[in-house]
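Okay, so chain A shows up in both of these, paired with chain B first and chain C after.
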Partner chain A sequence: MNPRSFLPFACAASAFAAAAALAVAAEPAVEAHEMLKSAVDEVLAIAYDGQTATTPLALRVRPALEKYFNFATITRRAIGPGWRQFTPEQQARATTLFTDLVIRTYADRFEVGNRPGITYSKAVIPDATKPMLRELPTTIDYAGKKYSVIYRVEQAGDSWRVYDVIIEGVSMIANWRSQLDPIFQKGGAPAVIASLEKNLAQPVVK
Partner chain B sequence: MKQSKLELIVGVFVLAGIAAVAYLALKIGAGTLVGADTYMLKARFTNSGGLNPGSNVIVSGVPVGRVEKVTLNPADYSSVVEFTVRKDVKLPADSIASIKTTGLIGDKFLALAPGGDAQFLAAGALITDTESTVDLESLISRFAFGNVDQKPKPTDSK
Partner chain C sequence: MNHRRLSLIVTLLALCALPVRAQKTPAHPDPEVVEEMDEYAVVQVYDPIEPVNRVMFKFNDGLYDYVLRPVSKGYTRVVPAPARRGIGNFFDNLRFPIRFVNCLLQGKFARAGRETEKFYVNTIAGLGGFIRISDDVPALTAVPREDTGQTFGVWHIGKGPYLVLPVLGPGTVRDSVGAVGDYFLNPLHWDPKHNIDGYGWEADTGVAATDVVNALPDLLNTYDAPRKDAIDPYIAVRSAYIQYRDAAVKQ
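The block that comes next holds the complex of A and B.
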């Protein structure tokens, strides 16, 4: 075949392949910041409108948080390099325990006060080669102070799910990893699971 | 004859001295020529203040590389740090890069916390899970001198 006559076919084929790839990696139906707004509104509604409920806040917000946060990814990232040496059963157990711990830790520190004001900034694509990741910068105005909070989200089907929260420059995942990795280095997966169980058994200190 | 032999010995000695000085200069300074067994990675920060070319790259407290270049991405005004890591140090794809300080006012360095992902970062990959420099001065001033937006605390009306 003459290379010159082949060229238009090659270009057309490339264009078709690119179009097909774009169709497969289509944008989710919901924009990342819309998901975040829904998540924040839903969690705040539960926190502020259910003040008379007898069930602890951690239990009430859990379904909403599990909908918007990817706790499996969060647990894997928080445990760090040791995760690959966990058995599937240990991974499942650690995910359940760590989810409980994270939700309880932050829910039990919540104090009913003025409703926080949240300003959403434009979503950032941190790496052009990974369009499935976004950073959602926000400013939270609470009790007269402003806090910078960045949500890191990843595409999950036709929506987005949070996998890390950076408060005033400090990553939640990095914070937990710096605590859990040394425990793994000392005693492996059983030590990490035991540590999570021990932490959950203790009463919460506000 | 004796004279030329002596000159030759002195010449060799001087050359050896120059070579030793050059080696030390490379080892202590840039180090790129002697540290060829490395690969390049990048990390994106919202603020990389204090991190400079030559800063250490550390995993678990052990130096494994050095910062080569710090540039500004004009598209979103983020800072992109290029650094080298020893080839034998494979980093999982979900590793976190943080800018830390030696002590309270010491030098900045790049700390890498390896993640749990089964895939590893390839040469040239960009780490986006990062922690920028924590601006201690502004944090201290905010808590020491208050915030311009701070509302007055409710007075005890008991």
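The block that comes next holds the complex of A and C.
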């Protein structure tokens, strides 16, 4: 394995959680960063300034994440093409479970005392034929190391919401899909839902 | 590791790599299962020995949990973070030839120049590399790191099969051969240092062990990140590794 961190999820998680309130922007590419900064500050404040709070972080940070992340899109993309074969009930169930799983997983990555610093680069339109998509590159400075983190956002109505986070080249969605798609191929929607339920029933790995 | 053993490994890996040029990762999945406007359906991994890799993955997990993790925990308890960072910076700075030579091999001459500048800044102003002064120089903060495996990628040599190596963990045939190249480019493995009075195998082992143990906490955190809470940890690590290396080659 290459000794360099290929996946600094742990440190980037705070920023992932913070990702992007790219709301109501007439000129999204310009205003996105200001909104992203506001959102990052908001979530980092929940995570780091409220460290003495007794409520679990996953619960405290959930409203902000649900506001800025499009979990329906994230779930659909994470499951992949098989999503179209889910019934509406199965889709709703999978979305609920997957949202719980993602929030639980990443809320657990916050570490006491290590507040990351974030710098923002210019927004990129990844594909001219898809003007509703943007990539927002950032650099996260965490525990003396710098990591490249790109937030993928899409227009949702009159606002922007995050649908993927790419940390050092590793896409969260692609990673989840690589796990869920084979399960769907073997056992269909029930198997995917069962695997999500089973995973959530297990205690968080420290 | 002596040179004879290394030569054997190089030969074996090279033999494994022979079909690599011809082998192609499936370019596109079945169009029927590709969602329109969806860029995520393209990560394909050639993993012909998956059952063996899974066994090795489990073995490594046990090794990490019962041997390396306790060592790492003990080390972080004894050695304070600034010292660990300094030692890490020192060894990282020392590996400059790996990055420099591979920049040249990839035709990235401007990047090779920045690497050189970074090396001099950190060696001279950063007390032999212990302090990464280059982080304060905007032009030198984000120089992508090159290695031999990436050079092979830039040369359009295929990844070859995915491998989980004992102790070392995830890799591909291409990256494993590349790691041998990196080994020889690492000054820690150069012979002239043995001409220094008093520098014997004990010192050699001590230096190598310090390098490895100091890097352990970061390596284990990195390894754990995709693995923790995954539905299928093997696939999560495999996907993360392949994506990370693909991105590194493209940089």
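Here, the second predicted complex is superposed on the first by the 176 of 206 C-alpha atoms of A that agree within 3 Å, B and C clash if a C-alpha of one lies under 4 Å from a C-alpha of the other, contacts with A are read in each partner's own complex, and residues count from 1 in each chain.
By our rule, contacts are C-beta pairs under 8 Å (C-beta built on N, C-alpha and C of every residue); 3 or more make two chains touch, one makes a residue touch a chain.
In this text the structure is predicted, and so the values were computed from the model without any measurement.
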For A:Lys130 in the superposed arrangement: first (chain B), second (chain C), both or neither?
both
Between chain B (first) and chain C (second), which, if any, makes contact with A:Ser195: first, second, both or neither?
second
Going by the touch definition up top, name the partner, chain B or chain C, that contacts more of chain A.
C
Which of the two partners, first being chain B and second being chain C, lies in contact with A:Gly169: first, second, both, or neither?
both
Does the superposition put A:Gln179 against chain B (first), chain C (second), both, or neither?
second
Partner chain(s) touched by A:Ile79 [first = chain B, second = chain C, both, neither]
first
In the superposed arrangement, which partner chain does A:Thr139 touch: chain B (first), chain C (second), both, or neither?
second
Chain B versus chain C as contact partner of A:Asp108, first or second or both or neither:
second
Intersection of the chain A residues that touch chain B with those that touch chain C:
77, 80-84, 130, 143-146, 168-171, 173-174, 177-178
Chain A to chain B touching residues, read off their complex
76-77, 79-84, 124, 126-127, 129-130, 133, 135, 141, 143-146, 150, 152, 164, 166, 168-171, 173-174, 177-178, 181
Residue ranges of chain C in contact with chain A within the complex
32-35, 37-38, 40-41, 43, 45, 81, 85, 135, 141-142, 145, 147, 149, 168-171, 175, 215, 218-219, 221-226, 228-232, 235-236, 238-241, 243-248, 250
Within the complex, chain C is touched by chain A residues 1-10, 77, 80-84, 101, 104-105, 108-109, 130, 139, 143-146, 148, 168-171, 173-175, 177-180, 182-183, 195-196, 199, 204-205
In the complex, chain B residues that touch chain A
44, 46-47, 76, 78, 92, 94, 96, 98, 113-118, 126, 128-129, 131-135, 139, 142, 147, 149-151
